[in-house]
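Here it is: the structure, laid out below.
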């Protein structure tokens, strides 16, 4: 498919020039760093500083890489011809003369700053030579008109590059001169080719023959331009080419290499003459056309020829009266390139009978011979399989992509445990060093004695924890052991002076058990052994390391003397927060903002759970782990009967816990959980439908109300110009009631209370609703 | 006492981590629970250990550091919310992929062991 | 005290509360109120930006409790920058969601707004534990959002995301415990005062704590080896969510900048520049991994997801080096990449919707609908993301390259960034040409229409990278000033002396 | 604190401890689930009750007011213990736990 | 609207009020006000969960019953303790107890009583609520158990719940 | 005198807890374990009360109250799971 080939060409061109661009960017940035400025003038002025700098080789390489890719130098020569077939927008972008010559101009621009060193010479001139020769050679074997021209362009760009590489000032002038000349004749040739394509409908020289008869005018123009390309005297191409030959001889290189430039130049000249001859003869003579798509071809409309005429005229003028015509332009351009003092050069038709002229003649004769003997060469060339760079490029890319894909897949393999392992290992890696240097450290405060009940409790906890891990595959048993751990943790909080924590832990514990029981119903009742022994060993080791690490830190931490900002809380809790339960005052006042965030988390979790399960269907196993079918009675009589008196009593307890919270252990959160659990008992004992019929509110709204109360309680203070969450409290004395406290923080705590109830119940009931027995599957129910 | 406390925290962390690295959601849930027990105790103990010094003004002479207690309370609540969500996520996972395996590909060999085991349990 | 500081938190909070009450309210009403909230948020954040631009620190002490005892919000240039970046992003994502992504279960807007609340708390808070709470708020909301839209594809990645972040939270708490157990404080400014005075064994404890904290932030920022949860999660999320999540990794980066420049900055004595020596190589490896992932991606969205990781690496390398220019450049690039990637996610989804069964997979398919428009949008996004001239990504990268002092670091950074860009370019051009150009015969049944809102939102989001170019000057000035402010934390410590309401001071 | 109350409290404490221990012993020693069920439901409940009572007396003497909480606790215990037992017995019968060979009549078999 | 103001479950309200007075240390104006509030508010929420009123006829007999039960509990504990500590194996029996009580509350009170008292645990109630399955830890025959329970507990309950 | 009694009691209750643990781990059946857990909860009540007496403070009584009010809910949930599967339906 031609179009797709074109696109591949475009992608290749993009990649090559883009990559080159990046290299160039890097080079320029380095230069900028060296000079300390990105002003072009400063850079050009600081040439010696740059060349002296250690980074110069890198910078030069990068800049040249950019230049070579852009100006299609070997080995990046391949993209240019393909770019010409690319989809119009892309080719317009790439193929515009600026883009193609950009690289060359670039070298011209940076010439003063970078040229004149060994590295410059070898890199530039040898690349130039290779390109010059290769381009000319390939051009000769192209059957496509544009292809021929394209590779000729490549070759000429090589020539110009070579000239810049030589590093002499005259060479630079010659380069500039040739840029100008090449632009003129190559542009006219491309247009001519365009006309022919337009008139005959093809660019294949094997079919295009003897056009002289059909479009003599165009033919004349094209032939003149082609001759200039070949370097025929009296035409501009000849002049710059002479200069080039001359310069190729001026290089003082060691030994045999000295012969390389002139020989390469002559060879290239021979090819150039040959393909130019082919362009003239094979197109305009050489018998009759072979079934052209458009037959017979005509002269194109006038306006199409005008630009060609102008350009060809330019070729002639420059060729015959160089000094008069191109002199000023050349001088100024050379001045710009060299950055000052332009060497004196002579623009004349003839410099006398000298070696360069001999080379030209040799090239001319050789070229004609080569063209006449072209069939041999074609035969010779045909022996080599022409490599399709596009295919190469495509296969390279696809190989890279494939490689990347396999690499990624092997690392990012969707194993949660691998990611978790990486996380754990990272933590170990970073914490290892400091902790190792800490070692088994016991601080100044030293160890306090262990009372044996606590010791036994700790032992029980440790055993239960280990047992949980050990028989985690026996899920129910593991859960029972887990709740033992939870219970002892709660007792631990009580043991170490944290009554509020003990209560919180206990109530959360119960809700969690219910939660896990609700979930376990749908899950397999035991875990199959998935991981291999080696893997288990690895995990045990990782676990052990983290455990030891935590032990060491804790030990060091607990035995170090310590002072904290908490003195402030103890001092201001009563006076500033109006409560004697400092923990609660911190929660609803000093750090009330944390608590606001905390209940928001709870609320979001519940809403998320609701959303997650809304349209989830789960089929529970028909029987338990040992295969006993579930019993029929869902709501045992005794439980049902107990649930009734329990609710009011529990509500009262929660009211009690709530109201005392500000001054004694308790508070909104714990009270909220008590209420939630009391209601949960109703659900468990009597089922979803009856309970929800009796609860006259939607949990969403309870959550919203909770958050709203908390926010309003906080925002109330704004009215008095105090910041958000500033608490106020007042000790009122009413006739009957007597003295009592009203605290804005209590409203905040009420918000907490409601949010907790709403969130807990919404979450658990959403899971309960999954049950196939539950009548209400739709969210329209009262929650 | 400090050493005992440290050992408890160490054990909780270790067992938690081990379970976290299991291939099924349920052990992971349990692992996270154990881990958060450990973490909460650790955060709690960052205010040092005190006996009978509950930070209720007037209930004793000197008081334990109340700030870590408040922090842990927040942590417990958030932990609960997260656990609940995770449990529901694994339920959802069960519903979507009718399996609670989350460790990429399932290994072949151990599965056979399971069958024998299942025979054994089928009492 | 300046109540504006609470606006970015209270606006979405109240908006979210409103949404919770509207469980069964008509959709148009919900949408109007929700988007109105986001618009308000953008306005408020712009006001904050104009305030912060004077280079001073503004403190808001909740409950009128003097720091370090109460929780404070602190507004500086960085905070304002992050808030604006987020709220603008959020607005377009929100608009896009009105195209139908917000349907299904009725919690989308609630979660979306709470997510913004969490993000803004994280950016504004001056308290370490409150930062933890902020993380939890934004995480739990993100869990919900990630799973929004149903379908089985996102369950497993979602599960991974949740579990890893839960472990992360545990590590965060442990770190807080370690740091508190030595310094006895949680306020960041106070920590910046106390940490330099730490000595002896305590030093090791704080060091361990600080390093573990870095791991937590690294997990959020998705730095190798903690980045593997991200690609599948993002690639499977619904468009507006994935786009919004472009900012999630930036939260981690923000936290690193904030904590490690303020608390463990140059003045932190023995703990100065803690962990930064780890961060630089990791950033480069992350970048490399991201590039490889992008090359190997077999659909547009995972390509873009890997682009997120590329950006993270590109961002963190200069931050780790910690020069003023580097941080400024990183911030500039952060703005660009966040918006660009978000835009790409939106565009990719539109593409997926118009390629029939092929979706956004990088395979040949029948000619898609709306090819011209979408290909142009994708081209803009890709050019900006890959960092080609003339779009914002290019300037960002150039700034970053320029910011490095010559030396080994420079060699590493440059070669990785430049080669990376080259390969990214190849990845994008391959993806683009296959998706848009390499068509097979046959046509898609039922061309689904391209809804106005989504197209406009996606277009605008992408166009932002052009806007950045247009405003490159001012933006760069701002980021420069921000970097300068960050590197001189002494002024930040002044907040400890901020007068409370009712104190004459 | 006058010696009488001290004796009383100590006695109650010891009684409570003893019963709690016996209940646990029963749980540990008795041969099958249903026999084990008896220990906790009776002995332990009573034991805790006794300890509660001692606590009530103790704090009433230390002048921290008469503690209703303890009473409430005991009430809740006595309300809930039988229900827990009942639920557990049901589940045990459902699973069909092993019973002592000399147990007479196993209704769930019929 | 007015019926919202009355106390739907007066007995319960009274109970709550009294308990509250105990809970809040000492009777004060505040505690009375709060107690009244709760005594009104809580039943408002909960009476829906307790549709039919507990059909007490002779409620004053309850204290006596409770006293008996409490006493028996203590005795029970001693006997169970003896049994637990003695080396000899117990003689457990499952007894199917024919219920004469009808009211479910009464039944569950009886069941609870049985569970708390000498050597018996009520294991299950038949679906038709006619038979109570009892596990006796150490009993000679079914009939002894049945008679003991019937005379000591079910009769008084039957008098209370008509 | 009272202190001694207190210590002995604590010893007995702790020992009781250990015996519960024995049953909890030994099983053999799920109901045995749950029963053991339930008993453990009740022992916890005792321990908290004893702690309060030892410290001479009432600050921990409500923790005990909480266990009494809610402890059995866990047991009920587990028991119901064992026989019925779905705890809430």
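First chain written, first letter: the chains are A, B, C, D, E and F, and each begins at residue 1.
Rule of thumb we're sticking to: contacts are C-beta pairs under 8 Å (C-beta built on N, C-alpha and C of every residue); 3 or more make two chains touch, one makes a residue touch a chain.
These numbers were taken from a predicted model, which means no experiment stands behind them.
Participant: Could you tell me which chains make contact with subunit A and subunit C both?
Facilitator: In this structure, the chains that contact subunit C and also subunit A are B.
Participant: In the touch network of chains, how many steps separate subunit B from subunit D on the shortest route?
Facilitator: Minimum number of steps from subunit B to subunit D: 2.
Participant: State, to the nearest whole Å, the distance from the C-alpha centre of subunit A to the C-alpha centre of subunit D.
Facilitator: Centre separation, subunit A to subunit D: 66 Å.
Participant: Quick check: how many Å separate the C-alpha centres of subunit D and subunit E?
Facilitator: Once rounded, the distance between the two centres reads 16 Å.
Participant: So what's the Cα centroid distance for subunit C and subunit E, whole Å?
Facilitator: Spacing between the chain centres: roughly 61 Å.
Participant: What is the distance, in whole Å, between the centres of subunit A and subunit E, each centre taken as the mean of its C-alpha atoms?
Facilitator: One centre to the other, that is 70 Å.
Participant: Among all residues of subunit A, which ones touch two or more of the remaining chains?
Facilitator: In subunit A, residues 414, 416, 418, 420, 424, 479, 495, 499, 520, 550, 553, 557, 562, 564-566, 569, 590-591, 594, 598, 601, 604-605, 608, 612, 624, 626, 631, 633, 636, 638-639, 642, 645, 649, 653, 664-665, 767 touch at least two other chains, as defined above.
Participant: When you check subunit D against every other chain, which residues touch at least two of them?
Facilitator: Residue numbers touching two or more other chains: 18, 25, 37, 39, 45, 47, 69, 72, 76, 79-83, 86-87, 89-90, 94-95.
Participant: Any chance you could list the residues of subunit E touching two or more other chains?
Facilitator: Each of 19, 23, 111-112, 122 in subunit E touches at least two other chains.
Participant: Name the touching chain pairs, please: which are they?
Facilitator: Result for touching pairs of chains: A-B, A-C, A-D, A-E, A-F, B-C, B-F, D-E, D-F.
Participant: Which bits of subunit D are touching subunit A when the two form their complex?
Facilitator: 72, 76, 79-80, 82-83, 86-87, 90, 94-96
Participant: Mind listing the subunit F positions that touch subunit A in their complex?
Facilitator: Residues 10-11, 14, 17-18, 21, 24-25, 27, 30, 33-34, 36-37, 40-41, 44, 47-48, 51, 59-60, 62-63, 65-67, 69-71, 73-74, 76-78, 80-89 of subunit F touch subunit A in their complex.
Participant: Quick one: in the complex, what on subunit A touches subunit D?
Facilitator: 624, 626, 628, 631, 636, 638-639, 642, 645-646, 649, 653
Participant: So in the complex, the part of subunit E that touches subunit D is made up of which residues?
Facilitator: Interface residues on subunit E, with respect to subunit D: 19, 22-23, 25-26, 73-74, 76-77, 80-81, 83-85, 89-96, 111-117, 119, 121-124, 133, 135, 137, 142.
Participant: Would you mind writing out the residues of subunit A in touch with subunit C in their complex?
Facilitator: 4, 7, 10-11, 14-15, 18-19, 21-23, 25-26, 29, 32-33, 55, 397, 400-409, 411-412, 414, 416, 418-420, 422-427, 430-431, 433-435, 437-438, 441, 443, 550, 553, 556-557, 560, 562-566, 568-569, 572, 576, 589-594, 597-598, 600-601, 603-605, 607-608, 610-612, 614-615, 698, 700-701, 703-704, 707-708, 711, 714-715, 717-718, 721-727
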